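Note that chain A is present in both complexes that follow, paired respectively with chain B and with chain C.
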Partner chain A sequence: MSATGYGWLVLAFPLAGTLALALGWRLWPGRAAGWIGSAAILGSFAASLGMLFELLDRAEDSRSLVGTAYTYADTAGFRADMSILVDPLSVFMCLVVSGVSFLIHVYSVAYMTSDRGYVRFFAYLNFFVFSMLLLILAANFVVLLMGWAFVGAASYLLISFWYRRDTATGAGIKAFVINVIGDVGLVVGAFLLFDGTGALDYAGVFEEAGNAFGRNDGQLVAACVMLLVGAFAKSAQVPLHTWLPDAMEGPTPVSALIHAATMVTAGVYLIARMHPLFELAPAAADVGAVVGTVTLLIAATIALAATDLKRVIAYSTMSQIGYMVLGVSVAAYGAGLFHLMTHAFFKALLFMGAGSVIAAMGGVQSLDKMGGFRKAMPFTFATFTIGALALAGFPLMSGFFSKDEILAFTLNRGGGYVVLAVAGYLASGLTAFYAFRMVFRVFFGEPVPEARELERGHLHHGDPANPATGEKEDTEVGFPGPEHHVAEQAWPMKAAMAPLALLAIVAGTLGIPGVTDTLEHFLEPTFEDSRFLETHPSESSEWLGLALGGGLALLGIAVAALVYLRRPGTALQLRERFSTVHTFLSNKWYFDELFDAVFVRPMAAFGRFGRSIIESVFVQGVLVGGTVGAVRVGTSLARAIQTGELRAYAFLLVSGLGGLVLYFLIVSV
Partner chain B sequence: MFTIHLSIVVFLPFAAGLIAAFLPARVGRWLVVAATLGVLGYAIAMIADFDGDSGGLQYVTDDAWISELGIRYQLGVDGLNLFLIALTALLWAAATLWAALRTEDRPRLFMFNMAFAETAVLGAFCAQDLALFVVFFDLMLVPFYFLIGGWGEGDRVRATTRFTIYTLVGSLLMLAGAIALGVLAGPGGDLSFSLAVLAERPLEAGTQQWIFLLFAAAFLVKAPLFPLHGWVVDTYRATPIPVLVVLSAALSKVGVYGFLRIVLPILPDASQHFQDLMIILAVVSILYGSVLAFSQDEARLVVAYSSIAQLGFIVLGIFSLSELGSQGALMQMVNHGLVVGALFFIIAVLTARAGSTSLARMGGMALRAPVLAALFLVVALATLAMPGSPNFVAEILILFGTFEDKLVYGLVASAGVALAAVYMIRLFQRSMHNRTEPSAEPRELGGLDLAVIAPLTVVIVALGVYPQVMLDRTDEATTSKVEAAATAADGSPSAAEAPQAGPPGGGAPPGVQVQP
Partner chain C sequence: MIPLAEIQPPVIDYGGLAPLFATIGGSLVVFLVGLLGGRFVQRTLVPLLAAAALLAAIGLTVANWDPGDTKPIIEGALAIDTLALFLSMLFFVAGLATIALSLRAPVVRETGSGEHLGLLLGSISGMVILAGAENLVTLFVGIELLSIPLYVLCASELGRASSLEAGLKYLVVGSVGSATLLYGLALVYGATGSTDFAGIAKGIGTTVGVGDPLLLTGVALCATGLAFKASVAPFHQWTPDVYQGAPTPITSFMAVATKAAAFAIILRLFDHALADVQAEWAPALAALAVLTILIGNAGAIAQSSLKRMLAWSGVAQAGYLLAGVVVGTRLGLQATAFYLAVYLLMNVAAFAVVIARERVSEHGDDIRSLQDLGRASPLLAWPMTIAMLALAGFPATAGFIGKFYLIDAAVAGEYAWLGIMIVVGSMISLVYYLRVIAVMWMGQFAIELPTFPPRRVKPVSGWSPEADARAQPEVVAVAVLAAAATVVLGIVPSPLFDLARDVGSSLSALV
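Take a look at the complex of A and B:
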């Protein structure tokens, strides 16, 4: 079969899985749905391997293939086919996504066993994987947008999976709306490119871009910035990041799959995919690099103070994706994608470990209430520590090679990029600290009652209450069902975590400076047009960077050990000494409050104004001349006090577009 | 050329309604349902049989009607109305089926009025003679007056009054405009109202402008667009569900269809002249409708205001005066009809379970009604124009068409896409998720509800998977309708700098607008 044939198969498996699970939701007994879902993803992984081998059989210069199924929309110069692009980049992404997704499916088979929404969960999960693969394989902007938006919708459904919790549904809406803002960014970006090149398919756009736009042409920069808006919304980069920590309301496998390994890396993939444009518009690439750096710093600092186990990992995800965005923006494509892959392994692993711990705690996620799980959960402890070591960039672990390669490359670009690299190194010290803050607080110290119970072989099931509101959970749509499952007692969870732990250790060998460059070499055909293909940091400077990064990692771990193991009171003392800083960090730099003040309240006021004044007085009163009057004004004012905060995001878009408008006014003068 | 097919399509429902009025209600209501299904079958056959490459009219019926005034009984189908006829047929079939199962109060009269209304709307869509169009357009008012006044809920008197007065004023203005058009365009008493003839007899720019305003008033009220939506709130609250479905899905499209069918080809200079005004109204409607849609507590009003925003998109597409924009607008007319029809049926189901139309009294339905939740989700995502839905294809065409020449307006309008996400997902969440109110009785869709809602959803999904089926057939017609207005020189000197670089609509866009 041809490579594109395998490409369609990659999509067909999870789509078939979704339909089988959704349409036959009453038919599947016990764990059948979980295994059907897992098998579908395994099929995708196998087909991805098929693509890989087909590509490897071809000459390096003919490893980019387009397969077209049918004409999707063709009218008045607008032409989009239902077509997929198979090249080293998309094959690499398919392998990572389907591979990690498969393991997460297997983990979920056990983790979600007692949830009443078992079949629904796997239907959503399969749909998500289908969407993500569609996004990756798309050969034009219309199909890309389709995958892009489906991913957002699947994420919405999974975040609000336990939909009786209003914290979960609120978080779902927040994520969805911010993602739609990203979609709109992509639409505008696609238009600006279409306007210049007359094409919507990648090949056509890239081919024409050089003729249509000059270097740093205003329209091209604007187009790339709009693409970045889409990337930032998906990848939780500042300031469109506030949905990601809230998304931790979803079941833990969802956090592992969507909010660590796959969906949030879509922005990184997009920048890498669009690299010919970004290289033609370096100004936009610099925007990406700066935003990535700002994000990685801000997120790392918030992770220092967060007390919710899953949210610490979420901020760490944000921070790590900041590294990747920085990487692909400074044209370190191989390094950025390398980190994407290793991060997918160790971050999924960390979330799985966290899920196991949270299950042992009976649903409690607060670090303040955990401790001493080392003896009770040896397997979880071992794998979580491996994940933390990889995250921290501990020497010779996978994250060590991939992260430091990004920084070495950034440093090598010289000039202002040095500042970005320094910020990156600084944050890598912080990363090591907060990673081991988790390990030490969860697994070391005095065992909490739940840990003692588990040591005696009994799993604590706790009281099903929403930790955020204290509201009693509805066990029918239940967090997380009437029973909990820990890795120590459920073999599918172990079976999923063990390979990831192994990969978190050894995946770095795909790109050891001066020794191996398997990954970079494989990806080369995609990036062969890059101006930076040959500009590599020298081997010695790479090893110097590695030494620096490794040293910082050790330092961070050592400080964490000092603060949390040797002198357990230190953290409290520090908190009191620097209470202003601590308040600032634990309020997450006040981003939510900022949006509230700048967007939510004005928008709510406009809604009130619209309902009470424009509708009542102008439209109904003046125009219709009816008898509506003061009564309605009064009642609508009273009702208008109940307002949600979601309209903020909509308003955010308005002002963002306003900014672009201003840009054009300036440029066109 | 003479075929009787279209006359059958148009008058079949009316005839069935008339006969049914003299039959026992049990039999009569099913006769009307059968007639609407017959029309639907005809419409599907026409789509299958349609020759997409010919830009001209097909299935033409052309007879002298009032020859002294040059009025002809002229019906025809082209890409412009093909899918609108199908939409009308589909929704009337769904709505009459729904009504046949529920209406207990004077069922024969109700069904007669429903059938009468379908004939009027189909007539307006098929008419190729301006006078005939006006007749059908005004005829629509009659059955809806009785349906809302006779079977409405709540304050139906006020609703009927407002609806009637508002649309009547619009209709009268249009009548005046139509007469003026025929008289002024007919040199030396050679009167003709045939749309094809009128398009060949261009009027002076100044004359075009005031006639344009008369037509615009009628069409914008019907749509409705801000600020002419004063009748909407009361009407949408009071109208019974099957009537509301066809009212918002099909009736509201007659107005915007009129822009494409009549105003753009016959009044091209005025369309160019008032382009900015219309676009501003459209953009304001998008933003205003969206903001109010997520400030509402009543489910019906959320959809009512969302319709104002969606119709804003349609008008935006039309008055982008580009091929892409009008293709998108036409497609969006059909899509909006499909989703809004499905939405009102779903709201009816929800209202029955919650015992109230207030969103605050709904919630948590998904637990006991997974099928309902799944269908609602698909419809909601299509309404907010998620990529992969037909609404997305339509909106991206509208936006691309607008960006070409009116980038700034287009950017403001695209905020409406994000706002749509807010109000639709809010509507879904408030009714389907969170805790169930104690007063609500969540339960699954009944088989008959499913029979009405599921086919609409299937059509939405199918169009999302393969939108080309529609674009293929509408391409030629929209291009020819928008051509004159797109290339028209604006008469007024103040707007002389209007961008004419490169014909907007000629294949690949020129790309001059945003170059620094």
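Take a look at the complex of A and C:
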């Protein structure tokens, strides 16, 4: 089978899975739905491997294939095909997405067992994977937009999966609204590009862009900035990031799948995919680099103060994606995507570990209430620590090689980029600190009652309650199920975490400076037109950067050990000493308040305006009259018409007409 | 006295007139047969006859389909081209949907099937005439023939005061619109000395200058009159009241068919007869489009009645459609035709669900009538979900590709900012479209809504409304078919694209 044939199979499996689960939702007994969903994603992964081998069989300069199913739209104005692009970049992304998604599906098979919406969950999950793969494989902007919007919708469905929780539905709506802002950015960007190049498919746009736009041409920069808006919204970059921490309202496997490993990396993928444009518009690329740096720094500081376990990991995700955005914006494509891959492994692993811990706590997510789980949960402890080490960039772990390669590239660009690199190094120290703040607070110290109970082999289930508000809930459909599952007692969870832990350790070997460059070499055909292909930092400076990063990681871990292990009271003292800073950080830099003032309130005012001004004039008579009593409206038709409504109509009519006539008379002279 | 021999009878192409004969003839037959009483006649025979007339009209329209130049069928008065035929097809399809939707509607019990469907077919005949009008007089005849039956139909649910009110209000406002239009037509005739569109187009620039005040005042009045019919702001105020008051099957007919008819004549008048003064009218229409998009979307946010919400959404959609007219290009014409077809599908699906719910729910057409529909009746909830997503322009629905087409036309026609307005409008519209979806699928989700008293369903004589409300397969079928078409055309839009391209060949003045 051809590579594109495999490409269509990659999409067909999860789509078939979605349909089978959704249409047969009454039929699947027990865990069958979970295994069907997992099998569909495994099929996708196998087909991705098929694509990989087909590509490797081909010469390097012919590894970009477009497969067209049919013509989607063909008019005088534009032509768009339903087509997919199979090249090293999309194959790489498909492998990462389908591989990690498969493991997360397996994890969920056990984790979600007692939930009343079990089948629905896997139908959504399959739909999400389908959308994400569609986004990745798209060969033109129309298909990209479809995938883009589907992914947003799937994430909305999954965040509000427990739809009877107000906090969950609210978070879902917030995510959706911000994603729609991103969609609009993407649409406008695509149209600006279409306007200049007359093409909608990537190849055509890239080919024409060089002729249609000069370097840093205004329209091109605008288009790229609009694409960045789309990327920032999906990838939770400042200031469009506020939805991501709230999205932790979804079930933990969702956080692992969507909000760590796959969807949030879509923005990084988009920038890498559009690299010919960003290299033509360096001004826009610089916007990306700066925003990435600001995000990685801000998120790392917030993660220092957050007390909700999942939210700490969520801010860490934002911060790590900041690194990736920085990487692909400074043309370190190989490094950025390398980090995307290693991050997918260790972050999914961290979320799975967190899910296990939260289950052991009976649904409680606050770090303040956890402690001493080391003995009770040896497997979770080991894997979580591996994840944290990789996240911290501990020497020789996967995160060590990938993160520091980005920073070495940034440093190598010289000039103002040095500032960005310095900020990146600063944040990597913070990363190590907050990563081990989690490890030490969850697994070390005095065991909490839940840990003691688990040590005796009994899992604490607790009263079902919303961890965000403490509100009591039942366990009916639309709420989390009554039972919890920890990795120690459920083999599918272990089976999903073990390979990820292994990958989190060894995935770094795909790109050790001077030793291996497997990944970068594989991706080269996609980026061969890049002006920066040859501007590698020298090997010695890469190793210097690695040494610096590794040193900072060790320092961060040491400080965390000092604060949380050696002198447990230090954290509180620090908090009191720097209470203003702490308040500022635990209020998340007040972004929510800022958003409220800038967007939410004006929108609400707009709605009120709609209601009061536009409606009231006309509704008063009918609707309000109706509320006062249908009787009064019904009594006299004449009266209803005399209430001034028609007069209001007439007034607007005459002024509208007057305006139009006036305009035409002015034009006529 | 003129000798008879000197009068040249107009050349009449009876083949081209055949679809019109089918609807007018069908209307008369239905009226007459409807006079017979009896359950069989009222419930089965009359709707069957009406449907047969429309099916025959559709067949004859397909037979006439011939992409290319305009063919006169009554010389100087009526012509057929792909635009006229395409839109006629839309009217017929909307008519068929309306017949199915009103099969068990309370309004039919109160007025009788014959009157109801006879008037409907009469209105459709007016639309067909309007779509093929080649001269100002035919235009006006068409507009009146389509409007007058609708005034009656709006008021025909006799037991409900708001229906009477809607009819009267529509009559008053519609007459003002017609009068304004007539005045405008007279001024255009006065300025150019010609009543037929080709003559007007020829006259502009020769007998009368492009900037002539008389001509432009006429254009302004015409624009106002037609803006009424198309519910373009600020001439839209009647829309929510009338849509809510009218019997719902009629509302759905007005929402899709009347809008298509209004845009048919707007396209013909502005992009054909007045194409040479495009530079003058385009900015004014563009301003109206922006105003319409903003007001329509702002108005829809505040609604709890689904019919009112759809009315306001229809106002907003008219703004999007106007963008295709403003650019005055072939691409714009194609995009408008495409969107009108898509618009029909999306709205018919939504209205069918509203009809199905208001017959059984104590909340009437209030949004609360949809609560928990996802679990109770997925066959209704899915079409509504698809319709709402498509109206919002969600990718992989026909609504997305339709909006894409319109934006494309706007961008290509140097009105890129109007394209951006469409995007912004769609973004705002998500607020009220998604609210509907949330109510259906998320059971206990409390949603802030304006309060509205529940409507009392009036018991009526004749067959049992309760039994009817329980079984309404035809309404479900309409909803499912329209929604399925929305999705299929969203994934495989090329057949509709091909039709739209043929439509593009009809107005020869366009580039």
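Here is the rule we go by: the second predicted complex is superposed on the first by the 612 of 669 C-alpha atoms of A that agree within 3 Å, B and C clash if a C-alpha of one lies under 4 Å from a C-alpha of the other, contacts with A are read in each partner's own complex, and residues count from 1 in each chain.
Note that a contact is a pair of C-beta atoms (placed from the backbone, for glycine too) under 8 Å apart; a residue touches a chain by one contact, two chains touch by 3 or more.
Since this is a predicted model, take the numbers as computed values, not measurements.
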item	value
First, second, both or neither for A:22, with chain B first and chain C second	first
Contacts of A:196 with chain B and chain C, given as first, second, both or neither	first
Contacts of A:218 with chain B and chain C, given as first, second, both or neither	first
A:7 touches, of chain B and chain C: first, second, both or neither?	neither
Partner chain(s) touched by A:334 [first = chain B, second = chain C, both, neither]	neither
Which of chain B and chain C A:537 touches, first, second, both or neither	neither
Overlap of the chain B and chain C footprints on chain A, listed as residue numbers	70-78, 142, 145-146, 148-150, 153, 160, 163-164, 166, 169, 176-177, 180-181, 184, 187-188, 191, 194-195, 606-607, 610-611, 614-615, 618, 623, 626, 640, 646, 649-650, 653, 657, 660-661, 664, 667-668
Parts of chain C lying in touch with chain A, wherever the complex brings them together	161-162, 164-165, 168-169, 172-173, 176, 180, 211-213, 215-217, 219-221, 223-224, 227, 234-235, 237-238, 240-241, 244, 280-281, 283-284, 295, 298-302, 330-331, 334, 394-396, 400-401, 404-405, 407-409, 411-412, 416, 419-420, 423-424, 427, 430-431, 434, 438, 441-446, 450-453, 492-494, 497, 500-501, 504
Residues of chain A touching chain C in the complex	70-78, 142, 145-146, 148-150, 153, 160, 163-164, 166, 169, 176-177, 180-181, 184, 187-188, 191, 194-195, 478, 606-607, 609-611, 614-615, 618, 622-623, 626-627, 630, 633-634, 637, 640-641, 645-646, 648-650, 652-653, 655-657, 660-661, 663-665, 667-669
Chain A residues within the chain B interface of the complex	22, 25, 70-78, 120, 142, 145-146, 148-150, 153, 156-157, 160, 163-164, 166, 169, 172-173, 176-177, 180-181, 183-184, 187-188, 191-192, 194-196, 198, 212, 217-219, 222, 474, 476-477, 603, 606-608, 610-611, 614-615, 618-620, 623-624, 626, 639-640, 643-644, 646-647, 649-650, 653-654, 657, 660-661, 664, 667-668
In the complex, chain B residues that touch chain A	158, 162, 166, 226-231, 233, 287-288, 290-292, 294-295, 297, 322-324, 327, 364, 366-367, 370, 374, 377, 381, 384, 386-388, 392-393, 396-397, 399-400, 403-404, 407-408, 411-412, 414-415, 417-419, 421-422, 425-426, 429, 432-435, 466-468, 471-472, 474-475, 479, 505, 507-509, 511, 513-516
